[in-house]
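Have a look at the structure that comes next, please.
Note that the chains take the letters A, B, C, D and E in the order they are written out, and that residue 1 is the start of every chain.
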C-alpha cells in the first residue's frame, strides 16, 4: 500500500492524495510511505521518483546494514527497527529530500504509523518539514530498542539471585546470544548517527543536529549497556565454572576419604573370611580382638593422614 | 526545593533570594540549585530560564550518561556522582552560563552542599564566578570516587592473602561486578573531561583548563586502577581454576592408588571365601601362606607400576 | 590462454583479436584476460604491456594479499575470489588503465567469464569502459562470498538445536576455522575497498565511487557476520564446557552417594564373615538382628548427612 | 633536606649555597633538590619559587601518574622510579625551566644522586644546562627498569623448564601480577615520553629530542617485553590446564578399568561365599572350576570391551 | 672484520680498499660492512665516520628493536634478521647516506654477503647507489622470515590431523611460543616499514618507495599469518579441553554405572556370608533363590534408573 501525506504552504494536511498531486506549487512538503508495496508499487521508486538504481536495489533486497548514502537532491538511509519478539532487525528505508520524505518497508512499522498520526492529529512538525519528520521517526525507532534490552537486563538480574545449576548456564547462553542480536542492530545504528552528526554533506542543517545528538546519546547508552551486560554474563559463567570445579573437589574428597578408610579394612576382614583348613590365626584365642585392634589402628592412621593433608577442611 | 545564591558586583553573598532578583543589574553571578524539585519547581527550567527542551528532558528523565551539550548562551552538563553504598551513579545536571550556574538533581548531592558552604563561609571563588564553582563541584565529585575504589582494592588485597575456596570465587565475582559498576560511571566521566579539555566550543576559557586537567589526571588514574584490578581478579580466578584442577588430580591419584592395590587383593581373598565343597586348595597344607605371598606380590607389583608412572610424586 | 575483447569507438565488440590490434586508433577500450597463461604468454606482461616488474612479480608469485598499487598510467589490483569448496582464496590480478583492463589468473575465474558474456550478449558497459568492467568484476566476486558464509551460518543454526556431545565440539571447531579462513580473505578485501573509496590517487573518478560504496557495504556486512558468528561459536563452546562440568558433578554425586552408603555396610558384614573360632558375637542369640539394625542406622545416617549437604538436589 | 647546585657563567660548580644566591646575575643554571623535605622546606615551593598551586599539590600528594603539565616559565613533570624490591612506583617531581631544575621527592632517589655526582666530578652537562640534566635523570630512571624486568624474565624461563605442579601455577600467578605492577609504571612513562617527543609546547628544543627518542626506544622495548611475557604466562597456564585435564583422564581410566574388571568378579565370589544351607551348586563336583572359568570369561570380556573403546592407548 | 666495497663513477667495483680511499673524488658510492668487528674496529664508527654517539651506542649494545632514527647526512636503521634455528632476532645496524651505506653486525649475516656477491658478480645496483643496496638487503632479510613461518604452519597442519593427547598440547604450546617469538621481530619490522613509507624526512626518495611497499606487503602478509595461526592454536587448545571434559564424562559414567549396579548386590551377598549361628534365613529352603531374585531385581532397577537418566547414550 502507498500512503501519501501532504502539507500545503498554508499548513493544511492532506492525506491519501494521488502521486501526481505531489508536484503542485502550493505544496510545502510531503511524505510518501511504501508499506509492504506490491512489485508494481515498488516500481514507482524508479518510474515516478527517479531514485538512483543502487538505492532502489537496497530497498528491494533484504541484506542491508544501517547506512547513509548521499545522492543528488536526497540522502538515502537504511534504518533498523528491532522486532520485540525475535530481536531481529526489520528494515526501514528512507529517502530524505529538502521538501520530501519517502519511506519504504515490507514489514509492519508501527513507529511510522505513530508519527503519521501525530502529524495529522497534533499538527506535529507541520512547519518544520521533512527533516523534522525524519528526526521523529528515528527517535521513535531508537526509543523502541529500550524495552527489549530492559527485558534482558531483568532476566539477568533474576539470574544473579538464582542457584547455580545447568539451567542457569543455558539461560546465560540465551542472554548472551540475545545481546549479540541486539548488538548487530544497535552498533551500526550508532555508527550511522555518528556519521549523520559529523558529515559535511548530510542534508540535515547544523543547527538541527542537536536533536540527532539526543538520539546518539541514547545509542551510546544502549551500546554501553549491551557491552557491560555481556561482560556480566561472561563473569557469571566463569564464576560458575570455578564454583563447580570447587564442588567437584569436595565431592571427590568425600568419596576418596570413605574409600581410603574402608577398603583396607574390608580387605583385612576378607583375609580371615577365607576357608583354608590350615590358618593358625583362626583358632588362636585372641585373634579376633587383635584383628579388630589392627583395623582400628589402620583406619585411624588413614584418617590422621588425610586430616594432615587438609582434606577435612 | 530551590536554593539560590547571588554574588553581587561588590562581592556580597546573598542566599535564598527570589528568582526575580536574578536579573538585577548589580549581580556579578548567581547559582540556582534545584534540589529534589517538585514538578512545579522543575517547570521553572522552561518558564523562567527558557532552557532548551532537549536539555530539560534530560534533566527530568533518568536514563543519561555523563555528557556535554552546547546551547546558545550556556553549556549543559550531565555529571555522575557515585553512591558509596550501591556504587550506582546518581545524576547531577548543570547549566553553565557566563554569569550563572543552574544545578538540578533529584537525589541528595552532598558535593554541591559542600561547595555552597565554602562559598558562603570561606568566600571561595567569589570573584571568579560560575565557571570556578563548576570546577569545584566537579573536583569534589571526582574526589568522591576514590573511597569506593579504595575499598574494593582493600578487599582485593585481603583476597590475595586468603585460602582458595568457594567463598573466594564468590568474592572475586562480587569485586568484578563492583568494578564493572564503577567503570560504567568513571569511563564516561573521563571522556566528558577529555571533551571539555579539547573542545573549541566549551564555555570554559583556555587558561582555566589547567584546573580541569587536574581532574582529568584523577580520572585517568581511576580508570587505570579499575582496569588493572579487573585483570587481577581475572588472574586470581584463572589461577584458582588451575590450582583446583591440580588438587583434583592429587585426590584422584590417591583414590586410584588405594583402589588399584586393594581391589585385586580383596578379589583373591573372596575366591577362597567361597563355600564349595570341592576346592582342593582349601585343604592343602601351605595354601594360606601361598595366597598371602601371592597377595604381597600382586600388591607390590601394583605399587611399583604406579610408582613408575610417577603417581607418588 | 589469452582472451581479448575490444570495444571500438562506434561501440562494436570484437573478441579474440591479436594483441597488435589493441593500439589501433578506433579503439574505445579493451580487456585482455590471461587465463592460466603459459610462461610465454605471461612474458607478454613485460614485453608487450611494459608493466612494472614489481607488479609482474606479484602476478607470477602466489603469496599475495588483496591490495592496490599505483603505477604510472594504471592501477594494479590483487583481488581474492573464494573457492566454494576449500574456502581458500584464489588470486585474480588486474591492471586497470583509462582505456584498458588486463586481468591475470592461474585458476578458473567464473566471475570474469560471466562479466565477459554479459558484455558480449547484453552490451553491458560498452560506453562506460574499463572502470565499469572493473566494478562488475568486483561486484561479482564479492557477491560470491555470500553463499559460503550462508552455508556456515546454516550449520551453526543446526548446531544450536543439537544435543551437546563430542561431535558438537568438533563441528564448532570446524566452523571456527572455516570462519577464520573466510576472514583472511574478506577483511583484506574490505580494507582494499576502503582504500579505493578514500584514495586521492586511484584511477576511479569520484562520481563513480558510489558503486564501489555499494560493494563496500556488502563487505562490511560480511565482516560483521563473520565476527558475530565467531562469537557465537565461542559462546556455544564455553556453555558446553560449563554444562559438562555440571553433568560431571551430578555423575560424581551419584557415585559418591552409593559408595558412601554401601562401603561401610559391606565392611560390617565382612567382619562377621571372618572365620575365627573365638568370636563371641557369633553365637549370641540376637547378634544378627543387632547387626542388621546397626547397618540400618549407619546407612540412614550417611543418607541424612548427604541429604543435609544438599547432594540429593 | 634541600640540596642546591649552581653552575656559574664561567662554568664553576658550587654546591649547597643558600636559595637567595640563585638569582645572582653570574648564574648560568641551577638545580635544587628537595630530598624528603620537611613541611617547612616544602613550603618554599610556594613562597620562594612561586610554582602553580596545582603543581605543588601534585608534589605533596602521592596519588599521581607520570605526566607533564605546562606552566608559564616551566614545565612540570611527574616521573616514576621503580622500587626494585616491591616493584611499586616511587614518585619524583620535576620543575624544568630554561635555566633551572627543581626536583622533589619523599623517597630515596639514587638516580638523582648519581647524576649529581657526575656533574660535580665529571663536569657532565655543565655547558648544556638544566634540560640536559633532566635528560640524564630520565635516562637513569628508565635504565633502572630493566633489572626488575630481567629478573622476571629469568624466573619465567626457569618456569618453562620446570615440571607442571601446583607450585608452578602460583609462580605463574606471581609473575603475572609483577608484570602488572611494572606495566602500571612503564606504560604511563611511555605515554609521557611520547607527549614530550610530539608536543609543540614542551620546553625541550626540537634538536635535543633525539636524546629523548633514545629513552622512548627503551620504553617501547620494555612495553613489548611486558606484554609478550604476560602472553607467555597465559600460555603456560592454559597449557597447564589442558595437560592436567588429560592426566585426569588417564587416572580415571586406570581406576575405571580396574574397578570394571574386579567388581563383577568379586560379586560372583561373594555369592558363593553365602552360607545358605540349600545352595545346590556348592556340593556339585565341578562348581569351583566352572565359577573360575566364568570369572575368567567375564574379566576377559570387560578387558576386551574396554580395549575396543580405546582405553588402553 | 671490515669489508669495503667501492663503486667508482665509471662503475668499476673495488673491494677491500682502505678506509682512507673512501673520500676520493672518483667515488660514486661505497659500502662498508663491520662484520663482527673488534673493539678497535668498532671505534672507527666514531673516529672515522663521526656518527652520532646515540647511534653508535645502539650498535654496540644489544637491546634494540627495529627502528629508524634521522641524523644529519644519514638515516640510522636497526634491522632484525631471524635466526632460523632459535627464531630469535639478530641485529643488523645500518647507516644510510646519499652515497654510502655502513652496516654493522656482530653475528653472521648471510643476507649481506648475498647482496655483496650479487653486486660484485651481477653488477646489481651499480648505478643506483646505496639506497638500492639498502632495499636489496631489507628484501632479503624479510624473504628469510618466510621459511621459519612456513615450517610452523606445517607442524600446525600436521597437528590438526593428529589425535588429541598430552603431546598435542605441548606441541600447541611450543608453536604458540614460536609464533610469539616471530611476532616480536616481525611486528616492529612492519612498523619500521610503515614509518619508512610514510615519513617525510627519510632519505629514500618518494619514487623509490614502491619497492619498499613491496616489502611492506610481505610484512603485512606475515603479520596476518602469525595472528591467524595463533588463533588456530587457541582454537585447537580450547576444543581439546572441551573434548577431554566430554571423555571424562563418558569414563565416569562407565565407572558409576558399574559401581551402582554391583555395590548393592555385593552388599547383599556379604550379609549372607556372615557366620552368625542364629540367622533363620540360612536354613530356609528357598532362601538362596529368593536372594538371587532380589539381587536380580535390585540390579535391574539400578540399570533402568540409570537408563532413564540417559547414561547409556
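Just so it is clear, a contact is a pair of C-beta atoms (placed from the backbone, for glycine too) under 8 Å apart; a residue touches a chain by one contact, two chains touch by 3 or more.
These numbers come from a predicted model, not from an experiment.
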{"item": "Whole-Å gap separating subunit C and subunit E, where each centre is the average of the chain's CA atoms", "value": "23"}
{"item": "Euclidean distance of C-alpha centroids - subunit A vs subunit E, Å", "value": "38"}
{"item": "Touching two or more other chains - residues of subunit D", "value": "241, 245, 247-248, 252, 255, 259, 263, 266, 270, 273-275, 279"}
{"item": "Chain-level touch network, classified as line, ring, star, complete or other", "value": "ring"}
{"item": "Round-the-ring chain order [start: subunit D; next: subunit E]", "value": "D, E, C, A, B"}
{"item": "Subunit C partner contacts - residues on subunit E that touch it in the complex", "value": "146, 210-211, 213-214, 217-218, 220-221, 224, 228, 231-232, 235-236, 238-239, 241-243, 245-249, 252-253, 255-256, 259-260, 263-264, 266-267, 270-271, 273-279, 311"}
{"item": "In the complex with subunit B, residue positions of subunit D that touch it", "value": "52, 54, 57-58, 63-65, 67, 69, 71, 165-166, 169-170, 172-173, 176-177, 180, 183-184, 188, 237, 240-241, 244-245, 247-248, 251-252, 254-255, 258-259, 262-263, 265-266, 269-270, 272-275, 279, 281-288, 291-292"}
